[in-house]
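Look for subunit A in each of the two complexes below; its partner is subunit B in the first and subunit C in the second.
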Partner chain A sequence: MIKVEGLYKNYGDFEALKDINLTIPKGSVYGIIGSNGAGKTTLLKTISGIYKPDKGFAKIEDEDIYENVHVKKRMFFVLDDPYYYHNYSIKEMASFYKSIYESYSDEKYENLKDVFKIDENKKIKNLSKGMKRQVIIWLALSLNTDVLILDEPLDGLDAVMRQKVKKIIFEEVLERQLTVIISSHNLRELEDFCDHIAIIHSGSVIKEKDIDELKNNIFKIQFAFSGDVPKELTEKLDILYYKQSGKVTTFIVKGDRKKAEDLILKYEPILLDIIPLSLEEIFIHEMGEAGYEKENILL
Partner chain B sequence: MIELDLRSRIPIYEQIIEKIKDLIIKEVLKEDEQLPSVRALSTELTINPNTIQKAYRELERQGYIYTIPGKGNFVAPVKKIINEEKVKEIKEEIKKKVMEGLYLGMKRQEFIDILDEAVKLKEGLK
Partner chain C sequence: MRKKTYCFNPILLNDLKRFWILSAFYSFILFLLVPLKLLNLISEHVNIGELINSNNFIFTYEGFMGLQPLIIFLIAIFIAVALFYEIQNCKSNDHIHSLPISKKDIFINKVLAGEILIFIPCFINYIITEIIVLQGTIPVHHYKIINYFIMTFINTNILFLQGVFFAVVTTNVFLHVFVSFAINLVPFFIVEMGNDLLNIILPERLSESISLYNLKYILPLSYMIEGRGVDTITIKNIILYILSMALLFLLSYILFIKRKNEDINKTITFNFLNDVFKYTTTFISMIIFSLILSGYFKIGVTFTVINCIIGSFLGYYISEMIIRKELYVFNRLKGYFIYLGIAVVFLILLLNTDLIYKHTPPRAEEVKEVYISTQYNEDKINSSYLIKDKNTIKNIISLQKYLIGFKNNRGWENQVYIVYKLNNGDMIKRYYRGNFGNEFITQMEEISKNIQYKKLNYDILNIDFSDIECIDLNYGKDVYEVTDKEKIRKIYDIVCDGFMNNKFNNLGNNYNTFVNFKIKNDALKKYNKKYGDIRIYVNINLDEDTINNLIKK
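Now for the complex of A and B:
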């Protein structure tokens, strides 16, 4: 388990991270989403021990991560712009990592060779951008670390490769409780990938939850009554958004879905539809509540 | 064995629960039959294994399946639950039809007549 508590990180006067608290269970696929410049990469770099926290800590199984070689050996960070030694081939890069990470597995490297189907003797600098991405994921998985941190990792991979990589990662999660921390802009992608989500906005966590709880806790209701909308509804429901078009009312409601449904059913609506929100809509909404421009893109 | 709609807004976890319940209620999955392993489903559907595990736990909580540690998940004897589910479904359907009838101007007595007729029919069958 990785625990982040009261974490602050400043760049000069700029507060990049403010009082971050996260709990990342072992064996989970943990997604970090946020607006541009929200502090995702800073957070990942602090969790992986590249940056020193100004206040607070990031710990894995109660051990500080920063400046702790013994712990850092157990995690690998795939940057969105990975570094390779000039003129190194894939094979040479692998043997470099092998010399650093005791957990490195030749067997995994060989198995993954068949998945990625790239000539291991090729120089990395000569590969295309998408292939470089595949190489770093290939190497990262060969390292067999307990934790894998991925900064927008799947962007740049084609659909077939993305599916394959997901499958391999899921297998590792199941097999040996690999913990994956992943950031992305592509919310559709994260929706199928993660089991936990943290939403961060201007350096703070505004939401951290199990993805299904997150989705169950906010939903869109469309309904119509033959008469007016009963007062009790607007009083008792936690309504984030309200729209009336003709007889049909649309609410975006936070809270228990069953309770809201029962409450409306009591008044015998002539139309009632409850629609779950997509992660994208939830994100936009949470961001809206946090003061981020959202206007009327939602409905 | 089960198909998920990844584009649907319904959470995958709920979809898995509903699909498996459906297979059990329709008796495609029979009592004591083994469910596909978490690994098999995860690989087949490319779904996070934690999500599948969670769905299985929920199905177990609701009494649809039971777990034998080290062996896997199996369909529980659910005749009773199935019947309850079916009754619930039928009630919903009747309610819908009655609503439609009401909108078309049917009167309370007409529904009662239909009910009496149905009861007679059933008794006649005995």
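Now for the complex of A and C:
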């Protein structure tokens, strides 16, 4: 289990991370989403031990990560812009990682060779952006570490390859309880991939939840009454968004789904439809609540 | 118990694998410089004397038309840049620090890789040279070969470690190379050019020659460029070289460990070094700019001060641009105005008070002894011939007061050097040059009447007649050599008598005879001269009869 508690990170006078508290269970796929400049990459770099926390801690199994070689051997960080040694082929890069990570598996490397179908003797610098991405994921999975931290890992991959990569990672999670921490701007991508989500804004975590719980907690209701919308509804429901279109009213509501349904049914609506929100919509509304400009993006 | 893990091999081997080519290149360069030259000498069948001379030339840093020190520097710095670029670039810095390798191991492995890359070329070429020399056709001492290669290894190593230090504190490769180069020259530069600048502002100031060559242990490049040859290995040298390497290593190591990985986006990774860089650049730019323009236009103090202001502004602005990575930094000039304020206060104190620089002459009772002459002679200043007579000292002080009134007189007619040695051990050195008028001659003539002045300025008065070997007499267009004892005695007496009775002095130019006394070699010791010869030149006036009498065979 990875635990982050009271974590602060500053860049000079700028507070990049403020009092971050996260619990990442073993064997989970933990998504970190947030607006641009929210602090996602800083958080990942702190969790991976690149940055030293100014205050608080990031630990794996109760051991600090920063400058802890033994802990870091159990994790690998796929940077948003992966780095390769100039002139190195995939094979040479693999051999470099092999010399550092005791958990490296030749067998896994060979197996994944068939999945990615890239010539291992090719110089990485000559590959396309998407292929470079595939290479780093290939190498990352071959290391067989307990934790994999991925910063925008699917950027530049085609749709087929994205599904393949996700599938392989899922298998790793299921087979050997691999813990994956992933940040992405592509929320649709995370929706069917993560089991936990943390929404980060201006350096703070504004929501950290199991994804199903999060989805149950925020939903869209469309209804229509023969008369006006009863006042009790607007008073008793935690409405994030309200839209009236003729007789049809749309609410985005936060809270207990059943209670909200019962409350509306009490007034005998002529139409009632409760629709789950996508992760992207949840993100937009949560961010809106945190003060992020959403008017322009809501349709 | 958990086993302690070291990550020596992966990083070290990886770096050696990536950068062995630099080592190969250095091996090739050293091969051209030593073994190949020796092989050439053998093939040309030159004689032993020529070989020995050539060997002296080979085992110096004068190869590649004097560019050898720069080539060694560039190789050392390229090795440092190649190895440490990984911690200067944002992407690679994040990568290496995300790996399970401690900062300590990263640093030690990289330095070790550099040491190996430098050591191998020196060692290989040492072996090749020894093999060539062991063939027996070249008379070279083995100590000379080993001395050369050890010193080359040490010097390259120090330059490499300087490069490591600057790799840790800056993330800009250009700045890294430039500062590594500049640091070797800056102390010498500041002293030399700072002296020149002060001499423009204070023309009567006589700069002390300051030897900075003990800095060779930590800044070897300028020592090598100066063509001082290869330092000889002594216990003292070895200790000092090892200490300077250890100092550079430790300093870089501590800074690397302290360096925050997220500061990779800054040009200079430590805030306190931003100020060091900024104000050093400001100061150097001030000196260079003002010296170039003042030297070019040959205009006085006011113009120099204006140039100083412009030069320092440019230095400050550019360094601020580099640090901030912005073109427009006019809103960050607070530090410059503080610098300017301090500089103005310093200049006011320098020009108008005796706090930093003594403008007014000392009081007579403060002075122990004085050197005064139209020529500067360091040996005389340190000799026992200085003027101690209180009245003459007062006259010299009075003369100096008179000369101070001629501050901006830039003529060439008269010049005088005055050096006071004070009772408290201090020394005040002044040089006045200009067209000072008859009053100057009158006062100097008064001073020159003193016997101590005469002994100080006219060497012939300190020489025994019996030590004179011969005299060259330059009269008109002819030169007459006088070897006859009696004639020598006569000339000697005329000259000494002339000086003692104030018939001649070294103030005027209206003399018709130039006399050159040559002293016997076996008397050199008596006059504290270990080698060379003593020749004394004097200008006198001789009438035609005396001349004819002297040159008559």
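What we mean here is this: the second predicted complex is superposed on the first by the 296 of 299 C-alpha atoms of A that agree within 3 Å, B and C clash if a C-alpha of one lies under 4 Å from a C-alpha of the other, contacts with A are read in each partner's own complex, and residues count from 1 in each chain.
Operating definition for what follows: contacts are C-beta pairs under 8 Å (C-beta built on N, C-alpha and C of every residue); 3 or more make two chains touch, one makes a residue touch a chain.
Model, not experiment: these values are computed from the prediction.
Visitor: Once chain A of both complexes is superposed, is A:Phe170 in touch with subunit B (first), subunit C (second), both, or neither?
Guide: first
Visitor: Go through the superposed model and pick first if A:Ser48 touches only subunit B, second if only subunit C, both, or neither.
Guide: second
Visitor: Counting only touches as set out at the top, which of subunit B and subunit C does A:Glu67 meet: first, second, both, neither?
Guide: second
Visitor: Based on the superposed arrangement, let me know which partner A:Cys194 touches: subunit B (first), subunit C (second), both, or neither?
Guide: first
Visitor: What is the contact status of A:Leu79 with respect to subunit B (first) and subunit C (second): first, second, both, or neither?
Guide: A:Leu79: touches subunit C, not subunit B.
Visitor: Per the contact definition in the header, classify A:Lys123: touching subunit B only (first), subunit C only (second), both, or neither.
Guide: After superposing on A, A:Lys123 lies clear of both subunit B and subunit C.
Visitor: After lining up the shared chain so the two structures overlap, which partner does A:Lys113 touch, if you call subunit B first and subunit C second: first, second, both or neither?
Guide: Once the two structures are laid over each other on A, A:Lys113 reaches no partner at all.
Visitor: Going by the contact rule set out above, which residues of subunit B touch subunit A in the complex?
Guide: 6, 9-14, 38-39, 42-43, 46-51, 54
Visitor: Which residues of subunit C touch subunit A in the complex?
Guide: For subunit C paired with subunit A, touching residues are 2, 5, 7, 9-10, 13-14, 18, 91-92, 94-95, 97-103, 105, 260-262.
Visitor: Quick one: which bits of subunit A touch subunit B in the complex? Just the residue numbers, please.
Guide: The contact residues of subunit A facing subunit B are 27-29, 163, 166-167, 170-171, 173-174, 192-195, 211-212, 215-216, 275-278.
Visitor: Of all residues in subunit A, which touch subunit C in the complex?
Guide: Against subunit C, the touching part of subunit A is residues 9, 11, 42, 45, 48-52, 67, 69-73, 76-77, 79, 81-83, 85-87, 96, 99-101.
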